[in-house]
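Okay, so chain A shows up in both of these, paired with chain B first and chain C after.
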Partner chain A sequence: MSGGGTRRRVLAGLSPTGRRVLYAYGATVLLFLLGGLVRPGFIQATNVLTILTVAMFVGLVAAGQSFVILIGGIDLSVPWVLNAAAILLATSSGGENAHAAAALALTLGMGALVGVANGIGVTVLGVPAVVMTLAMNGIMEGLTLGLSGGMTCGACASYAPPLVQGLAHGSLLGVPAPLWLWLAVIGLISFLLQATVFGRATYAIGTNLRASELAGLRVRATVIGLYGLSGLTAALAGIMLVGFGGQASLGMGEPYLFQSIAAVVIGGASILGGRGHYLGAVAGAICLVTLISVLLAMNMAEYGRSIIYGVIILVLLLLYGREARDG
Partner chain B sequence: MNDAEGRRAASLEAVSVSKGFGGVQAVSGASLTAFPGEVHALVGENGAGKSTLIKLIGGRLRADSGIIRYQGAAAALKTPDAAHRQGCWTVFQELTLLPAMSVAENLLLRREPRDVFGLTSSRRLRQAAEVVFARFGIRDIDPGALVEDLPLADRQVIEIVRALSHDPDILLLDEPTSALMARETAWLFGEVRRLRDAGRTVIFTSHRWHEISAIADRITVFRGGRDVGSFTTLDEDEAVTLMTGQRVEALYPPRPPAPAPAAALAVADLAGGRLAAASFTLNRGEILGIGGLAGHGHRELFLMLFGAMPRKAGQIRRDGQEIRPRSPRQAIRAGIALVPEDRKTEGLLLPLSVGDNLTLAVLGRESRLGILRRRRLRTLAAAMAARLKVRMPDITSPVGALSGGNQQKILLGRWLLADCAVFLFYDVTRGVDVATKHEIYELMTALARDGRAILYYSSDAEELAHLAHRVLVLREGRIAAELAASGLNAERIVAAAMHEQAAP
Partner chain C sequence: MMAPPRRSTLAHGLARHLGLALVSALLAVSVIGYGGLYLATQGRLPGGFEFTSSLNNTMPLALAGLAQTMVVLTRGLDLSIGGIIDLSDALAALYLGTTAASMALASALILLAGAVLGFVNGALVAYGRLPPILVTLATLAIFQGLAIRILPQPGGAVPEGYTALLVNTGAPYALFYVLAMMLFWAVLRRSRIGIALLAVGDDEAAASSNGIDPVVTKLVAYTLSGLIAAAAGLFLAAQATAGDATTGNGYTLTSIVAVVLGGVSLFGGRGSGIGAILGAFVTTMIVNILFFAHIDPLYQSFYEGAFLVIAVVLAEGLGRLVRKRRARA
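And then the complex of A and B:
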């Protein structure tokens, strides 16, 4: 009784968001233990680091997704922004380190620009986010296919510059470089959301757009900035993916739409905006990738994985909904 | 009360009714007795339990304990339908119409006229709706219109007609007039009197005392989830004292001293939307009332001054300098603040903390390179909360958990932190309980005494008459009259607002 009471008090002391973030991390630990039972090698350090590295790709896309979900929006354009970024990096650098810096700037700029276009569509033109970003996804798919000639162009076979490949495969102090990058991104985003005017405005707009406008906040600029950041992180994920795999391919962004949204939701953000934190999405991404790995370790077929995936998301949403009613 | 009443058979009785939501006891041991041929007003602060009691009586909620009797028999109220079958109909405060359906469909929901095949048609519906409207003297609502296209007042009228059309023995009206204009209120009271004269019972709630004293035969005061007394006559100050449990000397604080002519805001030929042309000067320390019927350009005037709506023409001078606010942000920079009608949806961010809400308008000023000076923000918020004597658990509690008066303080505190000198109060007391109104009046007059300029629109002419130094009456987008404080009363304001209609 007393133990349960204490735990309840500790949990009650956290905000609903904080509690959900905790649940997501708890679920991840449970999944690792389950994986260890299925296959003892599952919880070895190398495997854990591999899972975390794979989770980083989801986590990067989920960063942008978190930003727009915080204001009650959504970014459905991530698959082809990511894909376009991967191809653009490879083709514009021609696989040479000498062009790497310019190619990186070009690619990240492209992602941010597409995101800004999304933001302008949503705030200035008043197009619903679902429609705007879905249309943008189609446009980016068309542009990518057309400009690359369906990946038949001369430069399309280029590899990512060795520098970028090194970033994806290297390690520092026994930790893979992508994880260091992820840590930096986590720190940066937490700072942005907690300590800046931009972050405060983001939560305010997600809570009530009209009231934020009437309080004198820069609503349009903030929304455009948030979509821009989403495009930027999708492009960054594309860069890391092409660095990791060496070559770009068509359709490589597809899995990241569902996974990024799922990660944000598992991480406890309200899909209606105003509530949530990137640390939650990080937990969500790790949880999701661990789940996939466990299912793979159990030799589950792809269709089974998809079903379990969907069921888990639904169950979580039901649990969170119940909690909101209680609170 | 006395023997004569004790012998009269009550048409409605609620005995020691309780209802809790989670940890909150909304109604605890409340009792109410109403008689046939009686208009019975329930008064009390927001949260005193009136609306919950009405929902319990009307079968919308089920009581945790206690008994409800209709016409002397215990009513088994599992659903609103059960209440309806026993002749009890409710007009709830939240509108219950289906927005995407027509007026006629809503009016005749679940009793649509059908032909021999059991089918209905929009023509039949329309005809039936016209019959209902004619019976209650409604002429200017099109039964074919979609509810979502209608103004709030018309929707409320439809709700009321829907309940009336069932010939209720007991009619419950939860704040029916807060969405209505003077004309529709007069119509409603006519219908209420007709029901009373036919021996029916009408229970209603309102925060407008002149309505209560105009129509109620009996007044029951609620405080903290239960009834604290039933009266056949009660004056406003007594009522406020009973409702708040503390002695209130007078609802309206004394008018601040007359201001010296020093223009804080000068408006010339401002136009846009329904506002055709408005010119006036607002002085420091002045409460300038804006009166008139809704829809005559008030909203546009306020939104344009606050940069929340584009101007078509006109000049705005702030301390002599011309300004062209194109966004609320620019208006706030020029020291203009808007206190909107609905602080919960347009003013405050309810789930966010007191501190975050207080500092929302100064984030830019209190930051360096976009990075918040968080310690300073905390200090500023705490100092402002202390200055305004905000009652709250602490500065990190969500604003939504505060009482109405304290929420209003947070909103004013936000503008004071932003050094605003011109305050635009837009119908801030609509639907607000008397105790909170009293606090708002106190805050407003304190601002004026502090030398700030206040433009104050209220749909309640009584308030303007008591608080404003001058009242400008808007009619058809123009200033139709300017009334001075001396000899000012609500009737004169209303007369000036209606002048055109009164004299054809």
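And then the complex of A and C:
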């Protein structure tokens, strides 16, 4: 097992996607070291766990985004689905544990339903995914603002039920509860994508839509299901976020559109569909959130972060695009 | 009589004019609806003041829609339009100066900056062969960041004379700008580059084998988009008489709404800039109608989103129907 030769052979043996996932984890380790240089204490266990917990919010949204990007689609409706979910959970439960279960079901159902509506728009009505989900984002924004009276409604000040707050803040065996939840989601999605007909159909549709139709796959149902899952994970992220922060606020979903797409791209999925894995998006989410934390530790202003995100996405797109053409 | 070519020039032309006819009808209906509502709530018909202010209010969106058209025609999408408008708005509020010469120079430089930013988008899409959505999403973040860097808080000032020139509240001078935009489209449409835009969006391989360079065409499309978006930012700043590095954000969505309402196909190769300009006016009329129907402005983006979906479905459905008919006849 000596040195570089083996490593090169291992890297060459990986698929391009696998290699990118590895790069993302490698970049994360470097970023943590950089963070440690900028601010001692950055690499302490508590801080690392906090960063991972924050990465979970991005990771949940990126799960749904991965699903739709795998079939060459995109979900631009996540910001206001997430925001609506956070507000719906707080208002419908009124902050009471007694109503928590019903509120959770209602909120997750809302997310899934909005996603399904996106899927129907894309498949049945033939609206381009960008336009359908962009319009849905507007629809959810208008509904959320309108129904909550711009967050002036009586119930809008409600806190998340203590149960949900406990889920977001609790810990088990020294590991924060949200990370256990994330692990469960990772396991579930990996199983869904790798070991089920639904998952194989997803890759097939992303690779060649026409061929999938001819092969008798249930293309429409699969696509609608994938958009439904994207709505569901965005709603779940909203629930965890309101549990974490206690109260919902307007605009809390805005950063998650860009970050979820960035996480998927960093994780090496092809934006044209058919290639990628959720583990890549997980790596992307952790890498991105670590980068944000380092930038924050360096007191970088918001505009600077915005510019750096954009530049990183462009650089990665150029690198990966080149690799795809070479290979 | 069997299997006629789906893209015959006749059917193609008709489908294009169908989009224009539809948006004209939509504009007529919404103007009548607006007039009726105005009469019912205000006790009189809207007059010259309402006409002028509607024209002035629509100018930024009409320009943003025209900008979006350039890119959509090539089967692309420009999500960075909002960011370019933000930047141009912020720059205008800071650097217009007070003399006529400084205003003219600063305006020209801002338009040039918009064109350069658009060129960057175009280069990434055309040379990098990257998906337009991702490229312009990334550059949107960069442009917005730059705009906030330049103008962290709303402020600055746009000189009175500049506002009077672009946004005259006394008389409907904006009509002149609308006509100029339409004339620009009419000339572009008949030029080599206009034909190339449509051809590349319709079928890139076919256009390429007919001697049209897709790379150059896309570069021009994104550059024009950036230039026209910067003009939208100038109008926006003139309207507000001050700068705000975030007011442009909404134009990414509404420019797509205007384009779709205007009958420009999101699958490229079909559509008219005039349609997108009229689509912008329909959007303004809808906002006016919502206002006079006493619908809570908080719901505005709900109606815009719903309207966008309905418009896409109807436009694509009708277009397909007509093309099929023509093909069969």
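Couple of notes before you dig in:
Criterion: the second predicted complex is superposed on the first by the 322 of 327 C-alpha atoms of A that agree within 3 Å, B and C clash if a C-alpha of one lies under 4 Å from a C-alpha of the other, contacts with A are read in each partner's own complex, and residues count from 1 in each chain.
Here, a contact is a pair of C-beta atoms (placed from the backbone, for glycine too) under 8 Å apart; a residue touches a chain by one contact, two chains touch by 3 or more.
Just so it is clear, the model here is predicted, and its values are computed rather than measured.
When the two structures are aligned on the shared chain, A:L125 is found in touch with chain C, with no touch to chain B.
By the touch criterion stated above, A:R275 is placed in contact with chain B alone, chain C being left untouched. Of the two partner chains, neither chain B nor chain C is touched by A:P40.
Of the two partner chains placed around the shared chain by superposition, chain C is the only one that A:E302 touches, whereas chain B remains out of contact.
Judged by the touch definition given at the top, the superposed model places A:L143 against chain C, while chain B stays out of reach. Once chain A of one complex is fitted onto chain A of the other, the partner contacts of A:R218 are limited to chain B, with no touch recorded for chain C. In the superposed model, A:R210 lies in contact with chain B only, and not with chain C.
Of the two partner chains, chain C is the only one that A:L134 touches; chain B does not reach it. Touch criterion met: A:T196 reaches chain B, while chain C stays clear of it.
Of the two partners chain B and chain C, more residues of chain A are touched by C.
Chain A makes touch with chain B in their complex at residues 195-198, 200-201, 203-204, 207-208, 210-218, 274-275, 326. By the touch rule above, chain A contacts chain C in their complex via residues 74, 121, 125-128, 130-132, 134-143, 145-146, 149-150, 258, 261, 265, 271-272, 301-307, 309-311, 313-314, 317-318, 321, 325.
Put simply, chain B touches chain A in their complex at residues 22, 306, 308, 327-329, 331-333, 338, 340, 345-352, 356, 360-361, 363-364, 367, 370-372, 374, 414, 418. Per the touch definition, chain C reaches chain A in the complex via residues 77, 124, 128-131, 133-135, 137-142, 144-146, 148-149, 152, 253, 256, 260, 266-267, 296, 298-306, 308-309, 312-313, 316.
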